[in-house]
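Take a look at the structures below.
Shared between the two complexes below is subunit A, which has subunit B as its partner in the first and subunit C in the second.
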Partner chain A sequence: MAGDLKKVAYYPGCVLEGTGHAYNRSTKEVGKVLGLDLVEVKNWNCCGAMEVKNTDPKLQTYLSARNLSIAQGMGFDTVMAPCNGCYHNLKKAEYDLKNDPASVEMNERVSTKAGHPAYRAGKVETIHAIDWLKRAVGEEELARRVTNSLKGLKVANYYGCMYTRPRHIFPEKDKGPGSESTLRPHFMDDLLAAAGAENVEYPLKTACCGGAHALSDCDTSTTLVLNLLETAEACGAEVIATNCPTCHTGLEMHQVRADKVLGRKTRVRILYFTQLIGMALGLSARKVGVPENMSDPSDVLQAKGLG
Partner chain B sequence: MPIHEKSLIRPENLITHDSLVIDGTDVSGHWSTFIKSRTITDYNEAMQDEIAALPGGEYIHRCWQCGSCTNACTVNAVNPDFNPRYWIYLIRTGMEEELLRDKDIIWQCVSCNKCTYACPRDVFPEGVMKATAHWLELKGHTAASPATHFDATFTEQILATGRMEESHTLRSFFKRTGQPLNQPWLVALVTGMAKRFPLFFMIRMGLAVVFRPRTRGWARTEGVLRDFVSQRRARNAAALGLDSKEGH
Partner chain C sequence: MTAAMPFPALLARLDRAPRADRPLAQADALLAEAETVLATWLRAHGKRPTRAAVEGFRLLALHRQGARGDPSFNACRETCRELVYLRNVVAQRRDDATEAGRVLRLQAMVLRHLALFVGGKLENARLGEFCCASRPLRAQETEGRPGAAGGQD
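Now for the complex of A and B:
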């Protein structure tokens, strides 16, 4: 599936319209510079995030499937979701509708009652913004398009949980050379290296930031985030690159909380990988939404002549 | 990270007399230490079936107690008492009393699925943790956890509008759980943001609060989904032998 990725359906999701606005903005700007078309899924609804499944998993399957059904109706066979949560949920819906008859039955019944066509597995492939840039552009082309290299900026690539787990909903991963690894993901590293970054060896690429309980269990989240931040610094990183608005905001929020509540200050900056790539492509810091980030990375960026 | 497994001897079962003389022999202090025996007096034979009947708990019977889940677990690394393997063991053997000792921390599972990744038997321990936390609340062993409040606030908003607007979710959550919004770290966060955020972005965020984003024509879907949710609630309650009104 997914032949031409120059034009794909775009599912921003709720968070990209709120705290993750900078991710939305930088993703779209990067697409524009690279000549990639993003067509927003019409009248989309929330994918269910991390919470709805705890009310009932099938409710989440339906919510995600409704968006896939709309993308299909718009004539797309690929939908791109930059948020790990959305990406994960759309993938999970695809998996459930392929493998679980009870989910299929529920989705058909609810869709019919709600008055729209039910989504059937195998029609629309969900990809992450990382896959999008990797497959539609690739490292070589990206490197050629770089006008303002990241100049060896030391980056820890942090992928979080939902980009690789649970493994069974990502059948295209772990397929040997060229495919993404769920144990040691590297697609974001590859892209940032092409943009001139020096990726540090970061052992916590797929560790958890506690995002699901960022507010309901603050102390656990602060402990987990602090570990991510301090380890990144110990690995020599100046910046943590993120690919998820929940992780990103969690890192920013608990960086402040660790400082205020535990007196543990960390200096590592947190940027969306699309912001870094955008700046390498010559976009200004403002254009990729850097002023909308909570932590101020100006000094680190200016030292590299970025933004 | 080594596996932190629970010691079988609990501190409260270690009995030591500071001064004790038996038959003229002074056995004060650690000479008199003995371990109270653990006697299990009752099993809850329905517990495994009930948890397996809740969403996420379906595959608990597959567990062969390898401990990979606990070894990989994010929360276990923060709190050694958080032990999915051990809880699965207690549920499968019906040791309810033992399980209830940890009733106030089971909800803390952060759904990272490290356990699911490591599990050789496709038990989906993450789901089992959610089912167990749910079971504890439905049975009245614990009050609704902050996470349950958050999930409910969130789900309610999506059922009502099709979308989630963060500040609304945030305020409803803080209100439901009775937490003040003026916690020092939150204030530092917000004032820090206000200093840096461009004006248009603040206006945008402000507008979202007043004009909550919603999916057009959602009312019909809302009705269908609310029916579905109440059917599922009734079904879950019935599986636990409860009157459906007791569910939350």
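Now for the complex of A and C:
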């Protein structure tokens, strides 16, 4: 549906205003340097996330649909959401409003009560920050714009579970060459390779990080994250690139906890893929929010002449 | 915390480096271990693990059976498929001991993830013998008793 992606509606979501601030900052800075225009959805609300979804999935559909309705009212047919959770929920709302009459009825009813137009399926396409850079810029143009190549940096691309799951809400994926794969996603790999990175084979690209239990059942999350980190190191990675603030925070937090509680230290660094692309485009580490990360990757970055 | 981890015997076996001989047999053994993990999940839910195969692999059939009525179990779908993929890579490269050994190590790490994921879900569902055993350890952490590093978090 989406045509020109040089200017899209931007839905940061709650986390990017909190612990995922570095992702917000680096996404905006990358857009700026590439000449892309992000227009934040006015008066946006929570996508419904996990808490609302668990209470009433249709209410979550309404909450996400309200954001799509506002984006449409602002004249956009595309909304970009960098957070995997938000991306997933906006896509799910689109799917439900297309396929579930009960969701349509609830959305109409609550929208009327709230005094705004009800969103109708098919009007706005939700894309991830990865899709945005891949489609609005592409690998060729990105490679041409690189001024500080990531050459020699070994990266494991970790997509997390919500970028591709459940498959039925992502009808554009698994369409063969050129489309994203839900089994073995590669769009982030493609972009980072264009920026000069050396992607390593990483067999846990979409494996669970235990994000939903990061605080309530931290032992489960710590062991899952530790395995993600140790596997990345076994694959030769110096850096894990992330595209989800929940995964990113979980990886950083449980890397520290695995060291403290289990005595298992890992050295692999964790950076948002937008931070890596930003530095490849010549932005400083500070400009893309690296000092806001919980872990300090400066030794690896300095060794590669980055940041 | 380690003592409370699910599938302790399996996790201990996975810590050992793969042997140099018979890589395909080892890859198949890892698949069989993965089947045991999913069968544990199914039995804990009162289901009889299927003997059928999907795309030629029982592991994929067991996953499909486990995910029926529980969409969140699909979070390990790709992990299961990756295990099958890596087994097939070993089958293709079994004559190259170095490469087969490298892939076997990856397969073991993916299997570890499956065991941790399923074990975590069993624990959250309060199924399996390890869940009660883990609580005293957590209590130690929160009380900051000696030797409980979690108390210093």
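FYI, the second predicted complex is superposed on the first by the 307 of 307 C-alpha atoms of A that agree within 3 Å, B and C clash if a C-alpha of one lies under 4 Å from a C-alpha of the other, contacts with A are read in each partner's own complex, and residues count from 1 in each chain.
FYI, a contact is a pair of C-beta atoms (placed from the backbone, for glycine too) under 8 Å apart; a residue touches a chain by one contact, two chains touch by 3 or more.
These numbers come from a predicted model, not from an experiment.
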When subunit B and subunit C are modelled together on subunit A, clash or fit: clash
Subunit B versus subunit C as contact partner of A:A114, first or second or both or neither: first
Partner chain in contact with A:A303 - subunit B first, subunit C second, else both or neither: neither
Subunit B versus subunit C as contact partner of A:A102, first or second or both or neither: neither
When both partners are placed on the shared chain, which of subunit B and subunit C touches more of subunit A: B
Contacts of A:T231 with subunit B and subunit C, given as first, second, both or neither: second
First, second, both or neither for A:L204, with subunit B first and subunit C second: second
Stretch in clash, subunit B with subunit C, out of 78-86, 168-176 or 240-248: 78-86
Those residues of subunit A which subunit B touches in one complex and subunit C touches in the other: 161, 164-166, 182, 207-208, 210, 213, 217, 220, 223-224, 257, 260-261
Of subunit A, residues touching subunit C in the complex: 161, 164-166, 182-184, 201, 203-208, 210, 213, 217, 219-220, 222-224, 227-228, 230-231, 234-235, 257, 260-262
Subunit A - residues contacting subunit B, complex: 14-15, 17-19, 21, 43-46, 48-59, 62-63, 66, 106, 110, 113-115, 161, 164-167, 182, 207-208, 210-213, 215-217, 220, 223-224, 253, 256-257, 260-261, 286, 291-292, 294, 296
Touch list for subunit C against partner subunit A, complex: 1-2, 4-5, 71, 74-79, 81-82, 86, 105-107, 109-110, 112-113, 116-117, 119-120, 123-124, 134, 138, 141, 149-150, 152-153
Parts of subunit B lying in touch with subunit A, wherever the complex brings them together: 55-56, 74-75, 78, 108, 110-114, 116-117, 124, 126, 130, 134, 145-152, 154-155, 158, 162-167, 170, 173, 177, 184-185, 188-189, 192-193, 196-198, 201, 204-205, 208, 213, 215-218, 220-221, 224-225, 228-229, 232
